[in-house]
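Next come two complexes built around subunit A: one with subunit B, the other with subunit C.
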Partner chain A sequence: MSEQAVLEVSGLEVTYSTNRGDVRAVQGLDLSVRRGEILGVAGESGSGKSTLAVALLRLLKPPGKVTAGSAIFHPKGRSPVDLLKVEGEELRVLRWSALSYLPQGSQSSLNPVMRVEDQFRDVILEHAPQRKEALSELIHRLLAQVGLEPRVTRMHPHELSGGMKQRVLMAICVALEPDLVIADEPTTALDVTIQRVILQSLADLRDDFGVTLMVISHDMGVHAQLADRVAVMYEGRLVEVGDVHQVFKDPRHEYTRQLIESIPRVGRRAS
Partner chain B sequence: MTDKVIELRGVQQRFHARGTPDGYLTAVQDASFTLAADPPQVVSLVGQSGSGKSTIARNVLGLQKPTAGTVTYGGKDIFNLSRAEYDEYRKNVQPVFQDPYSIFNPFYRVDRVLWKAVKKFSLASTREAGEALIEESLKAVSLDPGRVLGRYPHQLSGGQRQRIMLARIHMLRPAFVIADEPVSMLDAQIRKMFLDILLDFQREHRMTTLFITHDLSTVYYLGGQVMVITKGVIVERGPVSSVMHEPSHPYTRLLLDSIPQPDPANRWTTRIKVDESPDADTTAAEAPEPRPLL
Partner chain C sequence: MTTEAPPVVAVDRPQDSAPTTGVRAWLSRHPLAAYAIRRFGLYLVELWGALTIAFFFFRLMPGDPIQTLIQTLQQNYIYNQQASAEIIARYQHEFGLDGNFFSQYLKYMEKLVLHGDLGPSLINYPTPAQDVILRALPWTIGLLGISAVLAWVFGIIIGAVAGWRRGKLGSSVATNLSIALSHVPYFFIALILVYVFAYSLGMLPARSAYDSRIEPGLSPDFIGSVLKYGLLPGLSIVIIGTFSWILSTRMLMVPVLGEDYLVYAEAKGLKGWRILTRYALRNCYLPQITAFGISLGFIFNGNVLVEQLFNYPGLGTTLVTAIQQLDFNTILGVTNIAIFSVLTAVLILDLLLPLLDPRVKYWK
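Coming up: the complex of A and B.
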């Protein structure tokens, strides 16, 4: 098991200090992400799922603080590192190339005055200057992976719809073949058909290109459609983790059952 | 009060747009429907972004005059009302918008939104009566007055902010609520609470809601009537139960099929392709070679 793990989190504690005392946003969390899987992280707002993501990405800002635990990351061809301890240049090198982040609300994540191809160029040349030779082909191939046409390279972000922007970001995220992509609410606030296209593209990235994904979403429907395993967080704790079929069919925790049932189901499945 | 009826007749809304053949974009075409206050009902208008649904909300709220067709209230054109009639319309037709962040002025405490309503519509004659009314309305939307009053917008969660807008509506008791994507930024449990409050307003305070959304599962939860809009045209309408179970328009079927079902044994087996470029025809087509999603 641990041979396959790309990330092993153990005993993670994250605390936000407020003037009303400390809030323990993540408590005693143990979780491993296996290479090549799509791991869904579920929970409502305030459950600690986004805090988990930012802590792993080392984007946690004060008053948030990691108070205990480790997150051993196993990038290919490099020695394992503890994501919670790595600093400076070593952290900078890991980002994008081994660990990348697909943020929520991609509307504001692209630089509005740069063409799409220049945003790719920025990231790729910063981390892999040797790719300069065949850069255009690489960008076209990456865009094709997420179902976008080559003409998108010449466009500015304002010319793209929300779903297209999200897919451009997905393509940038996987540009350097990272070991792990952490996606925080990748389909929230998108229309259902666009959401379906994004979920298709995320599944393709795993199926066709072997990307390992950790997908954070409050929508149990998204996990049911996409994830291999689901981890459920409630009040900062991991209350359940298991195979997606098992979690939905036979949830071990009462809260998981409530989360699944809180989704209004539409009666008919169109064929 | 049988005259409390909002009626749209042949509403068309065009905007100037570059890159279109005639220099115009038609956001809404020939939209006609009636919203009656008696009996109170929930009518959902469902469609994708760019379908024209928010433009219709703006037409109904009197924020945008349609380029053709009429919006009437009690038989009178709402863009041609006297000052007193318009105030009456504004009191009876209240909006809830999508973004629970931008509706508040960040420099003022959230109390101000509620006090503004008390003053503008003369809901209370004394400060004590106003305070009592505000407290009662906050409790009606399951907010603890002691925990929200005196706070600034950034100190409240999105769900709390959105419920303050509902408290405002509870104070005003309009005949109509025009809710434009009010829950799309809220998570599942808060969303359910918000919808339950709207249904409660319908039952207890006899309010009719026009609920605008892209999310069919919330439409299903609310029940009542539904209209499906795509490319500015209302393509299907009827009771939620029949439209959801026996959709007649292909677009409605596509929307229904695209809801992620919370059942891993029932995953999508076909792929869809959506042309999202802003100037393109936004119909989605089934891919010729269906393949399993996962």
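Coming up: the complex of A and C.
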């Protein structure tokens, strides 16, 4: 695993304007994501972790606004770009082939009226038209990678279970072997057994495709199982970043300690 | 990381517990065919019911069409002699008005279903009513059908773009214009168009369907003349129709734009028009298809005004004349055409919707 950074965020500020004043959702955030790693971003609801994800993906909608900072992205074979400044066609081309997104499977992120295969097809052909020849084999291979049968290609989203939808989304997000995948709560709203399978598949995807993953989750258990490093956010600020073992063993920030304590354990009663 | 492979997710197969031979088995193996057959059966029942109600409804209307006919004949031919009971009986037989309602009904249904015969038209005696209707039908389909389709297509396209680019100037203009104009009475726009283009500028004719000096036929002159004469009535329908379709399409579009799959499509880096057509519009145009089928019925209501205003020789004019003269057979015929087109349109849409949207399923 090289130590080279694929993304360097510095001084990021995101503000939501409301009629009762501005809410600073992300404040002065510095963070770098190393190539090939799985970086977990932890924090409670409202800590700004999802805002960080949508800001980096450039999916932030008004009244949200990036007010300061830069996010230098180093895609393979391309010149570095500032994700927060890139616009229009340049941004569109960067998407999916270099920077992809894994949404929450319980959301309706799959187009309800398109077959699964067409949801692969449109994004692959948009960014890599040369793959047209062996497209269905590619789709079958991607689905097999996440443990789905080939006949899922002919199905529509409403015929899939929540876990299956999450797998389809995972297969789509690595289809073009992007440099960075930002996963926003990939296991939320799935039952715990499926969560475990999904986490395993995510880890396998990293091993097989060499993608870099940034996993946003409120669940410290997810980070313990999956991440190499963990970044902890609290009230819009990054309070701690470090190796997952170190953070769990010896949290430097009081909030991190509380987060770890909040993981339910068998035999311990809530007081 | 462990090397444990994720288990292959099994998909539930429908369990077949139905019998394996016979018609029932075939139907249970072909749910779509079974649905289509059942739906077609329902269509036939609806058609029969509506035609029957229409028949008795007109029979129960007050007024004696034979008396009206005799009066007309007397006025036209200065036929002073009192019509004998024999002549009246003869006419009643001709028009299917003899005997009790039930035997009239049986005879009417037999002629209609087996021969497509509506009986003679009262005002165009002895021309059969179906001939009178068939003469008018192409004009109505040509003018109102094409205008309705055009209005729908324009409305969907402009409405989709207006929804897509909401908040932008062009979209606001289109939306507010639609709010203002979609409920303006049709004839108001028609009168403005007639005033400007026919009266003030003298560019376009305001009456009739073609230049009467040109021999009807498939000649370029005649077709050109039909297009020219159809422009004003067509335009007035298209304008009003387009604005109301814009408004409804935009209203369907806006909530879809907030859906997760649109954010996802944007994250995929797809081109804007592709997101608009394949993700946004594809998920919201379905109600517009149903609405279009229903609006076809209104062609047969609304056309009365259009055709009267422009003196267009279509079904609307035929209907108005027929009602004035109590021409039972023609009135019934026009009503039957309306019944038939609406029911058939709804049937086709019902069969088509499962193909257009995978989530629509009528069968189990």
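Everything below uses one rule, namely that the second predicted complex is superposed on the first by the 260 of 271 C-alpha atoms of A that agree within 3 Å, B and C clash if a C-alpha of one lies under 4 Å from a C-alpha of the other, contacts with A are read in each partner's own complex, and residues count from 1 in each chain.
Definition applied: contacts are C-beta pairs under 8 Å (C-beta built on N, C-alpha and C of every residue); 3 or more make two chains touch, one makes a residue touch a chain.
None of the values given here were measured: they were computed from a predicted structure.
By the document's definition of touching, of the two partners only subunit B reaches A:V244; subunit C does not.
In the superposed pair of complexes, A:D30 makes contact with neither subunit B nor subunit C. Once chain A of one complex is fitted onto chain A of the other, the partner contacts of A:M114 are limited to subunit C, with no touch recorded for subunit B.
In the overlay built on the shared chain, the residue A:P103 is in contact with subunit C alone; subunit B does not reach it. Within the superposed three-chain model, A:E177 lies out of touch with both subunit B and subunit C [touch as defined at top]. In the superposition on chain A, A:E126 makes contact with subunit C only, while subunit B stays out of contact range. In the superposition on chain A, contact of A:I263 is made with subunit B only, not with subunit C.
By the touch criterion defined above, A:E90 reaches neither subunit B nor subunit C. Of the two partner chains, neither subunit B nor subunit C is touched by A:E254. Comparing which residues of subunit A touch subunit B with which touch subunit C, the overlap comprises 147, 159, 161, 163-164, 197, 200, 203, 207. Residues of subunit A that touch subunit C in their complex: 57, 59, 91-97, 100-101, 103, 107-115, 122-123, 126-127, 146-149, 151-152, 155-156, 158-159, 161, 163-164, 167, 197, 200-201, 203-204, 207.
Those residues of subunit B whose C-beta lies close enough to touch subunit A in the complex are 48-49, 157-159, 184-185, 187-190, 192, 214-218, 220-221, 241, 244-247, 253-268, 271-274, 276-278, 284, 293-294.
Those residues of subunit A that touch subunit B in the shared complex are 44-46, 147, 159, 161-164, 189, 191-197, 199-200, 203, 207, 218-227, 244-245, 248-249, 259-260, 262-271.
Listed in rising order, the residues of subunit C touching subunit A in the complex are 1-2, 4-11, 259-261, 263-271, 274, 278-279, 282-283, 357-359.
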